[in-house]
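Just so it is clear, A, B, C and D label the chains in written order, and each chain counts residues from 1 on its own.
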Amino acid sequence: MPDVSLLEEVVADATPLLGQGKVANYIPELSKVDGRKLGIAVCSSDGGVVGAGDFQEQFSIQSISKVFSLVQAMTLYGEAEVWSRVGKEPSGNAFNSLVQLEHECGVPRNPFINAGALVISDLLQSRLSTPKHRMLELVRELSGNSQIFSDKAVAQSEYQHMARNAAIAYLMKSFGNFHNDVDQVLQTYFTHCAVRMSCADLARAFYFLSNKGVGLDGKRVLPEKQNRQVNALLATSGLYDGAGEFAYRVGMPGKSGVGGGIIAVVPGEMSVCVWAPELDENGNSLAGIAMLEMLGKRLGRSIF
Amino acid sequence: MPDVSLLEEVVADATPLLGQGKVANYIPELSKVDGRKLGIAVCSSDGGVVGAGDFQEQFSIQSISKVFSLVQAMTLYGEAEVWSRVGKEPSGNAFNSLVQLEHECGVPRNPFINAGALVISDLLQSRLSTPKHRMLELVRELSGNSQIFSDKAVAQSEYQHMARNAAIAYLMKSFGNFHNDVDQVLQTYFTHCAVRMSCADLARAFYFLSNKGVGLDGKRVLPEKQNRQVNALLATSGLYDGAGEFAYRVGMPGKSGVGGGIIAVVPGEMSVCVWAPELDENGNSLAGIAMLEMLGKRLGRSIF
Amino acid sequence: MPDVSLLEEVVADATPLLGQGKVANYIPELSKVDGRKLGIAVCSSDGGVVGAGDFQEQFSIQSISKVFSLVQAMTLYGEAEVWSRVGKEPSGNAFNSLVQLEHECGVPRNPFINAGALVISDLLQSRLSTPKHRMLELVRELSGNSQIFSDKAVAQSEYQHMARNAAIAYLMKSFGNFHNDVDQVLQTYFTHCAVRMSCADLARAFYFLSNKGVGLDGKRVLPEKQNRQVNALLATSGLYDGAGEFAYRVGMPGKSGVGGGIIAVVPGEMSVCVWAPELDENGNSLAGIAMLEMLGKRLGRSIF
Amino acid sequence: MPDVSLLEEVVADATPLLGQGKVANYIPELSKVDGRKLGIAVCSSDGGVVGAGDFQEQFSIQSISKVFSLVQAMTLYGEAEVWSRVGKEPSGNAFNSLVQLEHECGVPRNPFINAGALVISDLLQSRLSTPKHRMLELVRELSGNSQIFSDKAVAQSEYQHMARNAAIAYLMKSFGNFHNDVDQVLQTYFTHCAVRMSCADLARAFYFLSNKGVGLDGKRVLPEKQNRQVNALLATSGLYDGAGEFAYRVGMPGKSGVGGGIIAVVPGEMSVCVWAPELDENGNSLAGIAMLEMLGKRLGRSIF
């Protein structure tokens, strides 16, 4: 378990990287974020959270929500039902590419690229009457924070710029791999992406991934085997087209979002969340990856 | 450390899978192998090897040699020199595809697809006067077995069917990412692929990957950081287009070859090698993956 | 000018081909068509129409409507306005592929693949208040037949199976190359595709293409240069991924539709329309191409 | 038949375009050419040649040789033998792309992209004992000029930069669509490309294409039907990825080479050759296309 001073060092050492990346600007609402934010939080085996920098400030979790959605789908559906709709392999392509999707008949490569997350959202839509609300319930319970909400302005802004995601959903529908109304699922999906949480919230919420599937409150979130599977998928596909580099530098299963957050897991030990809104060319938080690399190095932690 | 009876159980339980895959037949020499072979060997922290089934019989290591080549290149060149020539990302494509290579200007995705291994061989050719011999020296030393050779008939057979690999090498040459004579490098490459080793040989040879870079004889093969990096690359790209599924099912860094061998690593604990010549549709040993999955399950071992 | 007996011979000689192709079945309404229909009509320089077989029976013109739409757009917009939105090159891909569209940033290869026709429909939508009605006015005027309508059941059926076309439109929208509401443009587009005309109607309607841009009633439809340009585009891109083969066998600019119709032009001499609902693997009328080949051979007509 | 003064006007009007394109520089020998050359020659139905500008100066015909090779192959092999090895469709890709070739199992789209011409060269190699010499015999006979040679320095320079073409040939070999030694066929291919001819030579040599297959000396080069087929292929695929634009602007079957030459055909009337070494972004002569467009406009000639 790292102490506060170590995390403060990490934040200090990452500060010179500010200015080297670019805040996401594909939707106006996201581009308003202050690019100089830096935060880190760790939740370890005793359930305690330590943090440094802006670790208590909430930000748009964006694609990190794809992990929550997958976990929900894995509890609602059988293994075969989920994995006949989406694959488990790295994509080797940009996160929103349609090329592979067309070549592979509408079955997305994995649940962490947009196409895969849309299929997962479609699965949730089929089985939940209020999927937006159920996601909030889940993240509030996992993080022990009832003050978590989805940002309506961000969700609305994403909806107004939905063309690429709509294209992906309709392409899957043309192959029979999307069952609900596209517009409705997109609204659910954008609402999930627009959830705001802090590094502390996220470290707590994903503690179960480092704890064989059991959450902070002692309740089982996923069976042990499925928990390992989620970590395995995060390791091979969690950082878009930068998963190999992330494994090489950081060596932890992880998931990034274009809001600048990254969650990472040291199985058996701890969950981590970093936040720094400026992104590298793969769409991952530039200073965030650096903070995780420093943390792993100083603690001597890596799954490899 | 598993005992012999556990490994014998694994072999017995994998036997019913025989007949479900297909022995590699893209070159005549390889297709002669008996598809009913099954072997497993484990080398653990005390340096001892236990095995079951055909674990002492030598087979064609094929693409497993790509790991030895990468390790050699990492000791001969600086980090920047290696990784400017080849990437670290999963490919999301068949192991011998040229599509991505053309789109990405001749820089292969990672060192474990054919294109990447050819670039690594090109690097070795530039710096070693007798690259074929140096590879044999390395594997003999790592495995502690002086009776390891490359099978000339197999190397010759691969050379006669070199068209696809020649196309890959020339395409990289057209982008300036291949420096030596194509024919000469292909001969080195095929000689490396045609090395014959047993499960026991391979488990011993890759022990260093599970031991922070230090081999069985106590000599350092790779610095600890680079050793972690190799494991990370194996986890994301070691099983061609089946790396995600392998992580999901087995949860160990690994590398397969079309000869039916797979090596895998539990960092800090042990190295494993399985052999079963029949392959699945991704070109990975079908029963081999199953044996690793059983072993991991029974030992409760996974990096996730 | 061919006489009736020659056309009757052509129909008779094409009859043995029935059963070798497949009626389009991607929407239920189209699959109801009788696959044994065969018709041919020729409209020549004196304005007279001769025909044989089922040449007076109306069928779904489908993609042949793309030519009418392009002609409309060319009269409503300047050259630069049209060709900055859509290219002039053959696609080398299936008619509804998204791969090239993504690689080429949302600019379709030509106006005769679906993506291109959707952009053209988007252009029409921007400038016409009643684009569906204006299309009917145009085809009625060009063919001299006031009894031409769009089949609502077919348009409705296409709308219910719009996923692929919606994906294409949204992908273009994500690149900024689609300006109107996707749903509204798709309705216009499907209404155009569902227009029903006979071989006689179509031969008359496209007479202007063989007559330097002047229609049957002596009115100019297109300036002479633009008329040549439309013929040039038809020659290189009119038959999807079968344009080269069509030029090789038939040697006339032409356009096919999945309803089984094909129109073709011998510049300076005549316009032709054939109809046979069974399609080949490129989605072009199998017996239709054969009838055009026979006609060209017997008349000694080809642009080459 | 245009007179000299009209051709001189065309040359004069194209002169302001000099400096807007770029001389081919992918091999050093080609880049030495004077970019300010401009020539045009027309050979018409009475067999006479008129020209203007540098129409009597020989230049490297490069890919124009692909038409001679195809004609040779069509006289040596049956129709099915040729077209089972190479397609007839436009490629929709750069002239030297391997992407489509891999997706379509080693069968090139048409005989005028590099892959297609290499297959045709492979066919010639299988049937001719001295293919290099036979090409010279053919072009000398067709043009009536015994002083035509292949430039050894250019062929040698191409051979030294053969990587991309070698990659293409080996890729086809890996699919079984290339039968001879790659190195030997490449030497033949480069020797063909390096033939030097003038606009006058080329206009004479391709006169048969405008004359139903009969050459200047009255001998039949191709049967009438095959002659039409060659023109059809030139119309849809003769200008790489600029065939559609060329049809739109010029409206004649044609073939370009990176040496800056373009030959074009007005069936039944005349053959034309233009030369201007500066190329546009598709690799076609920039001023050459403009000269053909002006010629067509002033004579009122187009196949459309």
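As a convention for this text, contacts are C-beta pairs under 8 Å (C-beta built on N, C-alpha and C of every residue); 3 or more make two chains touch, one makes a residue touch a chain.
Quantities reported herein were computed from a predicted structural model and do not represent experimental measurements.
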Problem set entry | Minimum number of chain-to-chain contact steps, chain A to chain D | 2
Exercise. So which chain is farthest from chain D, going by the mean of the CA atoms in each chain?
Worked result: A
Exercise. Considering A-B alongside B-D, which chain pair is linked by more C-beta pairs in contact?
Worked result: A-B
Exercise. Per the centroid of Cα atoms for each chain, what is the distance between chain A and chain B, given in Å?
Worked result: 32
Exercise. Between chain B and chain D, what's the gap in Å when you average each chain's C-alpha atoms?
Worked result: 47
Exercise. Pairs of chains that touch, anyone?
Worked result: A-B, A-C, B-D, C-D
Exercise. Chain A touches which residues of chain B in the complex?
Worked result: 87-93, 100, 109-110, 228-229, 231-233, 235-237, 241-245, 247-248, 251, 253, 267, 302-304
For this session: Under the touch definition given earlier, write down the residues of chain A that touch chain C in their complex.
Result: 97-99, 102-103, 162-164, 166-171, 173-174, 178, 182
